[in-house]
Every structure is written in structure tokens, then in C-alpha cells.
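Two complexes, one shared chain (chain A), two partners (chain B, chain C).
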Partner chain A sequence: MTIVVPRGNRPRGKRLAAGILGRQPIGLLLSAPYAVFIAAVFAYPLGLAVWMSFHHYIFTAPGVQVPRPFVGLDNYTAVVSDPAVRQAFLNILVFLVINVPLTVALSLVLASALNAAIPFRTLFRISYYVPYVTASVAVVGVWLFLFSSGGLVNNAIGPLAPNPSWLINGFWAMPSIAIYVTWKQLGFFILLYLAALQNVPKELYEAAAVDGASKWRSFRAVTVPGVRPATTLVTLLAIITGANLFTEPYLLTNGGGPNGKSASPVLLMYQRGIEQGHPDVAAAIGVLLVLGVLLIAGVQRFLERD
Partner chain B sequence: MKSRTLPSIATVFLLAATTTAACGDGGNSPAADTAAKAHGPINIWYSNNAQEVAWGKQMVAAWNTAHPTETVSAQEIPAGQTSEAVIAASITAGNAPCLIYNTSPAAVPNFQAQGGLVALDDFADGANYVNARSGSTAGQYKSPDGKFYQLPWKSNPVMIFYNKTEFAKAGISTTAPPLGTYAQFLDTAKKVVSSGAAKYAIYPSPSSQFFQPWFDFYPMYAAESGGKQLVENKKATFDSDAGKAVTGFWQQLYAQNLAGKEAYNGDSFADGTAAMASVGPWAIAAYKGKVDWGVVSVPTQTGGASEQAPTFSDAKNVAIYTACKNRGTAWDFLKFSTSAEQDGKLLEMTGQMPLRQGLEQQYAAYFTANPQYKVFAVKTAHVVEVPNIPQSVEVWQAFRDSWSKSVIFAKEDPNKALSDAATKINGLVK
Partner chain C sequence: MTRTLPRASYRPPADPAAVTEPVPGARRRWLRIVVLVLGALAFIFPFYYMLVGSLQKKSDTSLGGAIPRPGNLSLHNYGQINAAINLGQTLLNSIIFTAGVVLGTVVFGILVGYALAQLHYRGRGTLFAVMVLVQVVPFQLLIIPLYVQIVRSYGLADSYLGMILPFAINSTAVFVFRQYFLQVPVELFDAARIDGASELRILRSVALPLVRPALLTAILMTFIGPWNEFLWPFLVTKQHDKQPLAVALANYISTTAASAANPYGAILAGACVLAAPAVALFIAFQRHFRSTDLGSGVKG
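On to the complex of A and B.
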């Protein structure tokens, strides 16, 4: 026999607790560590960065009291009126325009190929993944060897080589970095697509084949829609990681050269905030970058909506 | 992904951690008068240069043997983009060591503004010790408030190293190479490259990092201007005939592809890619067994630069950091580590020049046994330091950006760029 206690007869305290904690309070306990992690590692620094961007702020030793007055939009005005910062944001836009579509297209195509029963499949999978897990500092050396003025690429293409060479050419520096990053990251995104491809029902391919669909038609009509959630994830991750570009311009193009044509906002944040002791200005650049990324991601989600 | 997100995450972490620390109760920053007399164990950081590590280890061991109750623990500076970034972060976090034997004079104004440095004048014999050890050179290391926040420790006077093997291959004298004037230097550079002896005549890093002018523009500007600093009396000095002469010289080197413009992975001089290098004696250890080198003063427009001609010091100094509780021990240890005996060992083990007056006389036996180092000892008495001014790093970055655009990549008239940079820097230091 089951005794059912009418809802209205429950003690008030229990009802209140159930309202706040939900039907499964243990869930709160289990999710608490991650919530604390998010709050400590992302929410607090982000909030602090926003606060800093509206104040005159310098880093000080513990116990050293310095005035940190509210300065309104002064830091933002300084950032927006700085040609180097404007150039850096333009550079990152160029980077994203090249890197994101290239990343999505190449990783999907290669993942589909690697998902098929091709010879040496494991070898190829490892080959694509190796650049991703190799330290940028090491890989940059290879890229310098390839794309320097006397490098392998210029020797191969002879008179078609740009002058000045790729990495010191104002036009080609940022596209070169975008291609380098695409190549380096490809393994990771291929992995995401490979996982997604396992969830595409084989029956759909069989049905397409019965209907006489070609390989290309099958790819467009079955594979592309089938991995759509993965495409959203890949696009978002590529945008976010691309917007955080730092190591490549720092090492590959002499710290954002030539003439700042490959400088990134994060590189400028490092220069202004850490090297020059202006974390308030660096925070303003960071906040603008976050807003920019959110805007681009929002547009991307809007375009991909059902 | 990891490599690109790391810097931004690190920056954000730094912002958060440092603010929390800055709001603390000051427990790590004891009152100066009490701390200056406090004795006990301390910790220190030194450079990761192999020779300096060896020197540091023997020095610490010698101290610890004689002072069992005031032991010193030592380690290399933790890895980071630059030592200065690591030190700045440690100051803010309150975990800087008592002493750092790799404090860049250019970073001292920032560290001081952070409240991270102890004025050596806090110690009864502080200023006297610095002045007695370094003589008139010490004056360049005083902060605008008239105090010493750094002890001038060692210098690496920047000179022109040349590869004797490659010079011989190009048909250039290896004992008295014509490198005294800009015209001679350019002729020699052309010969080196056109003969195929080396791909480039010289290859200072073309990177946009703020400190790179110290190895192309600044040594030659020091020589050409008779020892002027980049900024004097709150005014940029380089928008001058001397500045224009140096700028014009480097512009020709780059325009004629005699100097490399691309990032180089390694040491271009040690690898033989460049026949010359603008560097101090610290690098000699790296050339051992690789390059048969000679050394001359940096050129000037009219030549005749003698051994006494000024050049950039490339000094690294020692500072006491405010996180240190036992500052009495730190000061005693600092004096021990910069004593005549330890300076002699530093010279022997690293080839770097202690910023000590009368260096040649004090260590005459060493320079007799190692005559190739004597020229650096002479130079040490005539080195020019970076100006000790607020916004020092920002000033150098402004200069470097202007230099990259006009001199290296020829996108702007160098004279106009020099003038614009001077205007910007005057605005920063006023």
C-alpha cells in the first residue's frame, strides 16, 4: 500500500527546500565543484577585468596601497584611438575569415575520408594529430624553414614567390599565420568530426545509395546535415581559439610584424598589461575582444539556426 | 589551441591573482626598518645561463658553509616569456625571492612603481657600498628619487664580433678589419655577402620586442653621440644628427639585404649565417668551438672610435625585493656575492664584467691570461645604460615600433619616424 501525502499537506520548510534545491538536491552537490571552478577561473577574472577596464589600475606588491580611481571610458578611448589596436583587431578579422571556413571544410572532408575504409587509416589519423600535440615553439621552426625567403616553398615556386617573403610581407603575413594555424589545429577538429560521424546512421547512406546518390551527393545530403551540431562546435571553438592568437605572431612574424600587420589583440594585451605595466588598458582590449567574439559567435548561431 | 589560449588565460589569472594579493594586509611586506635588520634564511633567483648557474652554486655553497643559521636557497628564474614578466608577476603575487641576480635596469622603474623593490639606501652602508664598488658608473643606476633600488652588478659591453674564417674567405683582414666607419662597415658587409662567405653581414633580431634596440641602434648611438642616453632630462635625445646618422647606417644595411629581416631560429652568428654580431662577452661561451672570432668597437660615422668610446652596457643587476623578510641577511649576502673575491670568480667563470671600478687592475692576472677579454674591461668604464625613467618599457617599445616601420621595413622616412618617435616619447616621460 502506498500512502500519498497531498502536496498541500507537506511541511512548509520542506516545500521551501524542495523549491530551492529541486527534486534531486544531490545534483547540486555533484555539480558544485565545476560551478566553483567556473566561478573562480572564468567568472571572477572576467568580472575583475571589466572592473579594471573602468579604473586606473597598476599591479602592486601586497600591502602597497595606490589609488585606483574610476576613469569612466578613458581606457576604452585610449584603446580605440590607438592605431596599433585597431590594426590588431583588423588582423584578427582577416585571420578568422581565412582560418574558420578553412578549418571547418578541411576537417570535415578529412574526417569523412579517415572514417572510410582507406588503407593506412591509423597512420593518417596520427599524422594529422601530431602537429596539434607538438609544441608551437618546435613547429614554428619548421614553418620558418619552409616559408623564409630562402625556404623550401620559395625555392619550389621560384619567381612566383612574394617579395618580401611571406612572413615579412604586409599582405601575406596574416594569411600565412592563418594557414599555419589551420594546419596545426586540424587534428583536433578532425577528431571532433570523427566522433560525430559515428552517430550518423549507416542506413541513411544505404538509402541514399539505393536512390542512386553519388558519393558527393551522399556527402552533402547525409554527412553534412548529420554532423551539424559538431560543425557548430567546431566553428565556435575555431573562432574562440583564433581570437586568442598569440604564440604564432610572437614567434613566427617577429612579434606581430611587419609593422604590426600580424599583431593580435592578445599580443597587445601582453605588451600593454604585462610588459608595460598598464593592465587597465590591457583589460579594455580584452573586454572588447570578448564582446567581438560573442558578437561573431552570435551571428554564426543565428545563421545556423534551424 | 593550448599554446594560444595559454597567454590570455595566464594574463587573466595574473589579473585575478594579483588583485587578490594587492588587497592583502601587507603581511609579506614587513616594515622597512625592522626588516632591514632581520636575519635568517633567504632565497634567491639567478639567470639560467649555464656559466652563471655554476658561479651561483659555488657562491651559495660558500656562504652557506660560513653562515649555517642564515642559509640561502637558490634556483634559476622560473621560465616565462621574459624574466621581467616573471619577476613582475612574482612581485604582485608577493612571492618574489629576496634577491634576483638578473634584474634588468629597464624594468626597475616598473618594479619600483609596483612597490616591489627595497631601496638599498635603507641600509646604513647601502649607497656608500654601491658608489665605492662601481664608482661614477653607479650614478646611471639611481632612480629619479635619488635612491638605489638596484646594485649595478655586471656589464656586457656590446661590441662587434666578427667571424675570422668568413672574413678570410671574403678576402678581408682578420686582424684589422675595416669596420671603423659606417662607410667601411658597409663596404665590408657587401664583400662578405657578395663573396658568399655568409648569407648576411649582420643579423640582430628584427623582432618588435622592446629590448631589441639595445643590440642595433643603442650601442652605435652611444658611440656616435659621445655617450648620450636615449632620454635625458625628460627629453628624447635621439632626434639629432647622431640619431639620424645611426638610423641611416642601419637603413642601408637592411635596404641592401646585408642584414636579415626575418625571424631566425637560433644564433645566426654561431651558425655562420651572419658574419658579424652585435653582442657582449656573455655570448663568447656560446661561440666556443663554433666560431673563430675577433672583436672591434661599434662603428661611428667618422671612425676613430677608440677602446674608450661608449657603448651600451647590457648590464644585469641585483635588487632586493620587498617580499623579503630577512633583509639584513639579504644585504649581507648581496655584499658577499659582489665582493672582490666573488666578482673575480664571476669574471673567471662567465667572462662577464663586474661593474667594479678598476677592473683591469684588480684582476690583472686574469686579463693577462685572457687577453681577448681585456677590451671589454676597458669598455666597462665607459658604458651607457638605459635611462632610469618611468614608463621605460613603453618608451623603448615606442622607439622599436618606429624603428621597425622605418628602418627595417622601409615603410616610412626614417628621419620623420625618428622625429615622431621623439615626440611620442617626450609625451610619455614629461
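On to the complex of A and C.
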């Protein structure tokens, strides 16, 4: 990091301090609040989550000491043998299969369309970002209204409406949530792609045009490879968003219904951990969830390397 | 993102840039606009419908119901939701929660952002690596241990502090501040040092005035987090008079809505109140919500 060159004319104590603390030790002071914050609400809870998942843990009032024996993999066994949890992880897989490709394709197409001289550009930008900046709780309200049994969507498509309606239909509940989240988050991913598109050299498009490449061809041969790093990032963030799913199954499908067909692991963490008072089991779900995300992200990186 | 557009097809054909947009491009330009308009409608319509639905005396889900009829409009739903969840109190709770997070982020974020960008001290590299890592680990994983810690051990249930604590310093905003300070030539700070200014003096008189342009971006970015957050304040607050609007509205949706005469009307009225401040702020300052800032903030 920093190389401190000892200078003869500096006092010995100061030189020593510079060696241990760096050239500008006041940086430590300025960083201290953030470092403490990270340790308290990130590092410690992360360790506690792993610790809890290997122990029998129950909630107590502040200050009360109870034995919390080590139970090995018991919590994990409980999680893996719980059909509701297995269903929730399966649901997230369904969610990702729909959400991730849709997010990548739509945000790249819309960002490319937006990345040119067009009238009302600001207006378009605003309309794409508005769902992203709005609270999910607020938007869920209008989606419940739109997709209810007698709602506008079913009235518009008439006989094609599924029965029971979208959000209370075992088959459609999870895809509905996946599409809702795609729609809600798309503005943010368009933003990321717009930034990435600025870095694609204009000369490549010119060269492609001179070679007689069609617009579609130059999109495939120049744009798509040009924004490859952004695509990796978008995929990773979309996977993390999916793993974090809570508000939508809680509100949109009324607690992961029907029959847990749209439950998510975080919803299960809430139900098992806080509603039913098994924080140790909930912590185990959380650890498995993160391992799952890391696994998928690792596989994705491996595939992208090709 | 720049305002001077890379491939301005408005320019006269003599311009070399026109090579990328040949004459048949006119039709493609229309295709592009049609795609954008369809997309924009899909994004905006639910918001329009939210507003219309919140004003309908009797909820009308037919296709014609999407067009407001003057006879069926009233503010009745807003009165109903206010009676159910006390909009004034819950809005105030949202404001306090959000203001606490924004304040913590601005004060401590500027300090650490400046240090990470311009100062040399032991541990800087480690802190930066951890900061990037924090942005990748899903917050939801930590809810159980954080709940144990904050609600059970510290007894901070139903308190503003308990709500604010896990969000007190937004790591993405720290990143934005660091990026801004990185752009400032180090000579500027060295000049002040040679003039004999102390490090604190440099922070106050050189760094703080420079960071002003980044401030609005960071505040906007930080604002939408706590304002829209549901899960954490939902876990922390059980008393109605401490709940932020998002939590109170969600509880209304999941429990009491079934018994109301026009439940969707009341829900949509609450949704409008919850959405309005974020949308208004965003539209007013959308120029500051730029891809470069956010992009670099997330790219790591």
C-alpha cells in the first residue's frame, strides 16, 4: 500500500507512528465510524448467523442467559427435510429462470433504443425509472388491483384469463411475481446498460456500417460483446435481487400462497425465525441461501468465461 | 451519461457522424421510437391507474374504468386510509427514519470517502475491499442476527434508532463520495498542506466545498432506500404510532383491507401518498440521478 521512506530529519516517534499507522494517520480517525458500522451491522451479524445455524438458539429477553448448545447440522437437517423450504428454493429457481433472461434482454434493448438522439428522451428516461424509485409496497397495491379476479387485466383479455386468477393460481403466482420484479427493477438495469454503452467505441459501429452490416447484425456483433462486463453485473445483481425476495410474496400473493407455491426463502426465514420462534433454523436457511447465490454466481462466471 | 449525444442523427448529412445513421435509418428511427413508447406506456400506466383508482368513489375495474368519470371522483378514499393508518403520523415516522439514514450517510460517508480517496493510512485497502463486499451480500441474510442483536439484545424495538441503525451509512453513497474525491487532483490537497493547513482544516476548507456536486446524487440515492424499505422496519415496529408509512400500508393491505367498503380505493390512496414524495424528488432532480454515478457506485 504505502511506502514510507524514513527521513532523517523527522523526529523518531513520528517516524515510528508513520510506519505503523501510515503517512496520514488521521485517515484512521475519519474511517473509524464507518469501520465500526461495518463491524457492528455486517461482520458481527454475518458471524452470528453462521454460529446460530450450528446451535440451538431461542429468543430471550435482554440480559437473560440460557444455554445454547452446539447441535451440529441439526438445523440444516431440519431445513432440508422441510417440504415448505424445499418448495421455496424451487420457487426461486423458477423465478430466476424467468426473471434473469427477461431482465437482461429487455434492459439491453431499451437502453440501446434510449442511447440515441430521440425526441422526449428525458420523458422516456423518467418513465422507465419511476417504478424503480417507488416503494414496492405502493406498487403492489396497484398490481393487486390490476390482476385481481375481476381486475382490469382479466377484463381486457376476457376468456384468456386464468382461473383462478393470476396471483391466487398455483401455476401463475410465481411467474407473476417474476414479471412484476422484472418490471419494477428494469429502470435500474437500463441505467447500468446506458453507462456501459458509453464505453463501446463508436468506431466499431462505423466499421460495421462500412462493412455493410445490418443494424441487428451490428447490435449482435458490436453492442452485445461490448457490454459483456455490464451483462455479468446485471445478471449477478438480478440473482441477488431474486434471492432477497420478500415483499412481493408477502403482499402480492398473500404470504407465498397458494399452498406455498410462491413462497421465497426469505419469507420462510421470517415465518420460521420470527413468527414461529426458531431463529436457528431461519439462520440455517439464510446460510444455505447465500451458498446457493454464490454457487449460481460461480457457475455463471464459469459459463461466461467460455 | 452526457447531454451531448454520441450519434446525433439530427445533424446534417455532411457531418461524419451521419455515417452511422444512413438514410434508411429514418424508418428504424421510427421503430426505435415505437419500441420506446410501448415500453414507456407499460411503465407509466400502472401509476396512472393508481392515481385514477385512488380517486374513484366506487372502484370500476372495467376497461372504461381506466378513464376517470367526473361523477365518480372524490377524495373519499384518502379520508378512509387516513382514518385507518393515520397518514400524518406514519409519514412523520417515514421522514424521521429516512432523515436519520441520509444524515448518517452524508456525515460519515463524506469523512470515509475523503479518507479512502486522498489519505494514506494503514488498513485503507482492507476497508475498501470490505466496502465492496458489503454491496454484494444480501441484506436479508442478516435480518435474523440483526433482529436478535437490535431488538432482543439492545431492546431497540419500536424506536427510530433501531430502524435507522442497519442503514445508518449507505455503502453505495460512500463509494460515490470516494469517486468524487478521486477526481480531485492530489496537488490541491498537497498545496494546502504546504501552506501549513492541518488535516482537519483541509477537510473543512478544501474537501467539503468540493464535494457539493456529489451531495445531491448521494442524497437521492440514499433517500429511496429507507423511504421504500419494508422488511426491516416491519420487523422492528409493532406499535402503530412508530410504523413508517410503507409498513402501515402493508399491514393494511394484508389484514384490514378485506373489511373495508372499497378496499382497493383506500389501498391506492395510501399507495399514492407513499409514492408521491419519491417520484416527485426523482423527477425534480432526475439530472442528478445519472448512470455514471450509479454505475461506478455499483461496479466496484
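A few remarks follow.
As a convention for this text, the second predicted complex is superposed on the first by the 262 of 306 C-alpha atoms of A that agree within 3 Å, B and C clash if a C-alpha of one lies under 4 Å from a C-alpha of the other, contacts with A are read in each partner's own complex, and residues count from 1 in each chain.
In the analysis below, a contact is a pair of C-beta atoms (placed from the backbone, for glycine too) under 8 Å apart; a residue touches a chain by one contact, two chains touch by 3 or more.
What you are looking at is a predicted structure, and each value in this text was computed from that prediction instead of being measured.
When both complexes are superposed on chain A, chain B and chain C end up clashing with one another.
Look at A:G141: by the touch rule set out above, it reaches both chain B and chain C. In the superposition on chain A, contact is made by A:G286 with both chain B and chain C.
Within the superposed three-chain model, A:V130 lies in touch with chain C and out of touch with chain B [touch as defined at top]. By the touch criterion stated above, A:N155 is placed in contact with chain C alone, chain B being left untouched. In the superposed model, A:N254 makes contact with both chain B and chain C. With both structures placed on the common chain, the touch criterion links A:P33 to chain C but leaves chain B unconnected.
By the touch criterion defined above, A:A49 reaches both chain B and chain C. In the superposition on chain A, the chain among chain B and chain C reaching more residues of chain A is C. Applying the stated contact rule after C-alpha superposition, one finds that A:L303 touches neither chain B nor chain C.
Stretch 261-269 is the one of chain B that runs into chain C, the other listed stretches 261-269, 315-323, 351-359 or 369-377 having no clashing C-alpha atoms.
With the contact threshold set out at the top, residues 41, 44-46, 48-49, 52, 59-62, 135-136, 140-141, 144-145, 148, 150, 188, 237, 244, 246-247, 250-251, 254-255, 266, 269-270, 273-274, 279, 282-283, 286 of chain A are in contact with chain B in one structure and with chain C in the other.
Residue ranges of chain A in contact with chain B, taken from their complex: 41, 44-46, 48-49, 52, 58-64, 66, 84, 132, 135-136, 140-141, 144-145, 148-150, 164-165, 167-168, 170, 181, 185, 188, 237, 241, 244-248, 250-260, 266, 269-271, 273-279, 282-283, 286. On the chain A side of its complex with chain C, the touching residues are 1-2, 20-28, 30-31, 33-35, 37-38, 41-46, 48-49, 52, 57, 59-62, 109-110, 113-119, 122-131, 133-146, 148, 150-152, 155-156, 183, 186-188, 191-192, 194-196, 198, 202, 205-206, 209-210, 215, 233, 236-237, 240, 243-244, 246-247, 250-251, 254-255, 266, 269-270, 273-274, 279, 282-283, 286-287, 289-290, 293. The touching residues of chain C, counted against chain A in their complex, run 1-2, 5-10, 19-20, 22, 28-29, 32-33, 35-36, 39-40, 42-44, 46-47, 49-50, 53, 59, 61-63, 65-66, 108-109, 111-112, 114-116, 119-125, 127, 130-131, 134, 136-149, 152-155, 165-166, 168-169, 174, 199-200, 203, 224, 227-228, 230-231, 235, 246-247, 249-250, 253-254, 264, 267-268, 270-272, 274-275, 278-279, 282-283, 286, 289, 291-292, 294-296, 298-299. Within the complex, the chain B residues that touch chain A are 1, 3-8, 11-16, 18-19, 21-22, 24-29, 81-82, 84-85, 88-89, 91-94, 96, 110, 113-116, 199, 205-210, 261-265, 322-323, 391, 393-394, 397, 401, 404-405, 408-409, 411.
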